[in-house]
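Presented sequentially are two complexes of chain A, the first with chain B as partner and the second with chain C.
After this line comes the complex of A and B, so read on.
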């Protein structure tokens, strides 16, 4: 008899403990929880700071550049590091630091546009696949696998090369019709082509993960329960699916942002993306490679900055992944 | 098993055809036909004679409908004929035959290097789980994975040539056993190596917690032979499964690496073809690149179940 009472007592004790511990951590939201895990990760915090700084520099670029990024000074060619020119000057006497800052602007503007466009396409296609299912879904999955198996750099180049002539023709006819000089700015053609073709490369990745998220969450018991309780499709979407998919989507967003930045500079490095005189880290590295043996700073500045930024993205991405998917090791 | 292999093979063919169709259509509708491109490139208006161009298009069969031309292109491909380059007029097949072995040697050597080094580092990291060596290796893998080769290549080159002064400027191709190949090889191997390090580390950590390792330890078998006997096999499986990703990574990086180090392989060929809009060459390169990737994926799908019989049943369940 005594024993029985004891056991009953212990179970209630355990229950009380559980209730107490629940009270002690008043239902912290998933986002707050993830944020706490993120800032506990030193690498991720450093990455986050560097990327925030980068976006800040990109936004306020014109106000913080010490010199004009285009003005040439042939008497000051290939100068080394000095207080006047902290990163030196390039082979046309342009200030390297100002060009790196404008390169950051190019990189941030392009990679954010690429990421947003590929997310829009990816979400639409992924959601259609997950909800319609059947043959359409199978086709979408096949298309995603297909695009991901073409070496992306080559595919981007083909898309770029084949979109360019029609776009140029269209710009020319628009110019002849409207006489608006905006249609003569080839720089916009470059920009549109770069983010157009890169978004076409990156959407399958977004589509695959978003489709997977929708499929896995939709079949969870709490969603079935909510549906049984009569919650509307919209309610299920906003209250259950979107909040639960948020973590992987944020991880994905940071990953695609980093990859887009690398692809943009790779593309400009090969001479098909952003063209000089518009500075991009990619075309600056390509310029720097021509003279690096004599004037290493022209190559070192953009390459060093890009190396730091890409590493920051890696560490932030890893931290975000650990923060949002704590159980998953990858 | 045979049914599975045949199933995979049957899927491989339409996928390769679809890639070809997409790329061909882009070149066809976007760029226009090759004869016009050749003439638009010719200096002055002398060569720009609409009637002659029309006649040449007629004789080359370029005014036929798209699908007929595409079919023709595929039939020629089956005979190994990629057409002629627009800039040099040489056959694309022979141009590629010159460049391909260089990229292939570089790629195979880099794959061997990264497989050996990557697995070793991954195993070392896992055996020192959560100690400083593990942290260093993990951070290295994480940092290196993001940095593109056209950044790490030049930076390492500056470090080795100017900073440490231990090598000459690596430029050009002097065979696989020349010292100039060291840096391009290292740079090419280092990015995908990160992938292998993480995979191998995760695999070892998983295996280490299994019962048969504990049994082996309790029997007093030294840990090195435990690693070699019991751990290597489960580690190789994830490494093999990453092969498709590694190959695609190498093909992309070859384009950049060969530009940095002036190596006359497929990558540099691609860059020159792109800058001069040499479509037959670009088309052939995209075709070869994606065929290689798709074939590696096919081989991985076939070999994987042999390494890990559990994978086949899992896959079949998923597909059913």
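After this line comes the complex of A and C, so read on.
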């Protein structure tokens, strides 16, 4: 209160005041406001913690796994839970916990690449549509609708059946010619095919949101007012359009991240995604399913982790949506 | 006095799929240095579009078909994009109608205010903020330095409009265009903003164009008034002439429709019958003829030009676009 009275009295001394206000703590910004809303939401906080933990595990996977995820020990097959193997071992005697951790690595690498690629394509396409307009925009809208109508599973199966065999053959001949072991690493073929095809399916969502945001914000009064004040086109884009468009884009980013993670597991489960011996939660679930009535822990570990992570994304997505949804602002 | 802005034969159209809307149909007017010009007319008569045409801020669907816009003798339409950008904010400031949506919601007031100062005057951040605080003080905002650090949603409508006015004044523009600055505000705040604009005029010597649809708002403040109807200027006169001896039937109708505080309590408020014309076609006759009680045969055949009103000297600058001498209802 004292502070307030003081500033009232010194308004005449503007110079001193301005210098003071430059170091003063900034008042609540809209982004901070949204963050506070997010923090107030318990589900979102739980989701955020789980996802942070997941990314941490994925990043430092090689340093925290108790065992090598590939080394088999046929004397220790299908062991139950123990201190040595907290999640037990699978039918080849591999440590399940280590495989779940590497599965997290697979899931995080794939889903982040898919999301980033689809956002790069989506932003470019959506922004071109919004800015150029006319026939090109109509074509882009048509392309978005068309792409969204393709079932993702069907596309991945088709790509697997049509592109994978020739690619593998080509790599094999390259290996025979050059003896370069790079061409033996077939795991990258899976990665590239899976995230390539998923990114192809996910970009239209990003494109649609970004196109809509640019179209609506570009015609806002404050953009006209800024242009009237002489702000350059670049300034309008970076300081007026992009910051105002961020809310829905952040919400969509988290949603696509979660979806991509689930889809990766689903494809690996069906055998069209990441293939063994590279661990993915999907192919681990598929393996565990064969022996679940004898050794349920082999199924329970990856399935449980997948369920928790999916739920975390769902909570975080809801929280972000509430935090950034302008309709709920006063 | 020196003419600072001259608009000649401005014609602006909007394209809508296959139809064309004729929003401004050959408007000519001039603004002298230090003068305050009022532009009056009902919604959709082309007031705002004419003003947006001046600084080339039209929406993408609109194009300027023809005309010259001379600022200090140079045609703005022939300037490069860069030159026009230097003009906006620096030489021509604009105040918009709706203060609630005319400020960027994610940017602090201070940061928005210094944009123009840093771009046009190349001031340092500190100097620009200092100047912004002075301007906020000028437009009557208390605790200006505190406000600089706030976001638009923390201010009331009246305060936001004051901020908008301060922003338009940042670089001491030679022309200030105020597009219905009081329409979105309630009556008491309206009066304050009007006082503020008058005050600014006496402190700075900018020329001001004030757009409004309310003749009552500008009666006591402007020097000259231009009345627009359907994309045409139908009457132009000094403020006293316009209120005391309006010559165009539309202006007469507008003046009659202002509610009066004195006089008989039972008299009904008079209104202009009919509705504004469709702008899809450029009329070949007087656009006001269908609603006009003075109309004669000629009104339906030819569109009248804006000429010195009958019985007025050219120096008085009282012009009207009408085939009839409305003082006696006789065709000229």
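Convention: the second predicted complex is superposed on the first by the 282 of 330 C-alpha atoms of A that agree within 3 Å, B and C clash if a C-alpha of one lies under 4 Å from a C-alpha of the other, contacts with A are read in each partner's own complex, and residues count from 1 in each chain.
Everything that follows uses one rule, which is that contacts are C-beta pairs under 8 Å (C-beta built on N, C-alpha and C of every residue); 3 or more make two chains touch, one makes a residue touch a chain.
Quick caveat, the model's predicted, so the values are computed rather than measured.
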More chain A residues in contact - chain B or chain C: B
Partner chain(s) touched by A:228 [first = chain B, second = chain C, both, neither]: second
Which superposed partner A:272 touches (first chain B, second chain C, both, neither): first
Touching partner for A:220 - first (chain B), second (chain C), both, neither: second
First (chain B), second (chain C), both or neither touched by A:157: first
First, second, both or neither for A:180, with chain B first and chain C second: neither
Common interface residues of chain A - those touching chain B in one complex and chain C in the other: 329
Residue ranges of chain A touching chain B (in the complex, touch as defined): 43, 142, 145-146, 149-155, 157-159, 161-166, 258, 262, 265-266, 269-272, 282, 285, 288-289, 292-293, 296, 299-300, 303-304, 306-307, 310-311, 313-315, 317-318, 329-330
Interface residues, chain C side, partner chain A - complex: 55, 57, 59-60, 85-90, 93-94, 96, 98, 101-108, 110, 112, 115-116, 119-120, 126, 129-130, 133-134, 137, 142-146, 148-151, 153-154, 164, 167-168, 170
Residue ranges of chain B in contact with chain A within the complex: 15, 18-19, 23, 26-27, 29-32, 139, 142-143, 145-148, 150-152, 154-155, 157-158, 161-162, 169, 198, 202, 244, 248, 251-252, 255-256, 259-260, 270-271, 274-275, 277, 279, 282-283, 285-286, 289-290, 293-294, 297
Chain C contact footprint on chain A (complex, rising order): 7-8, 11, 14-15, 17-22, 24, 26-31, 133, 219-222, 224-232, 235, 239-240, 243-244, 329
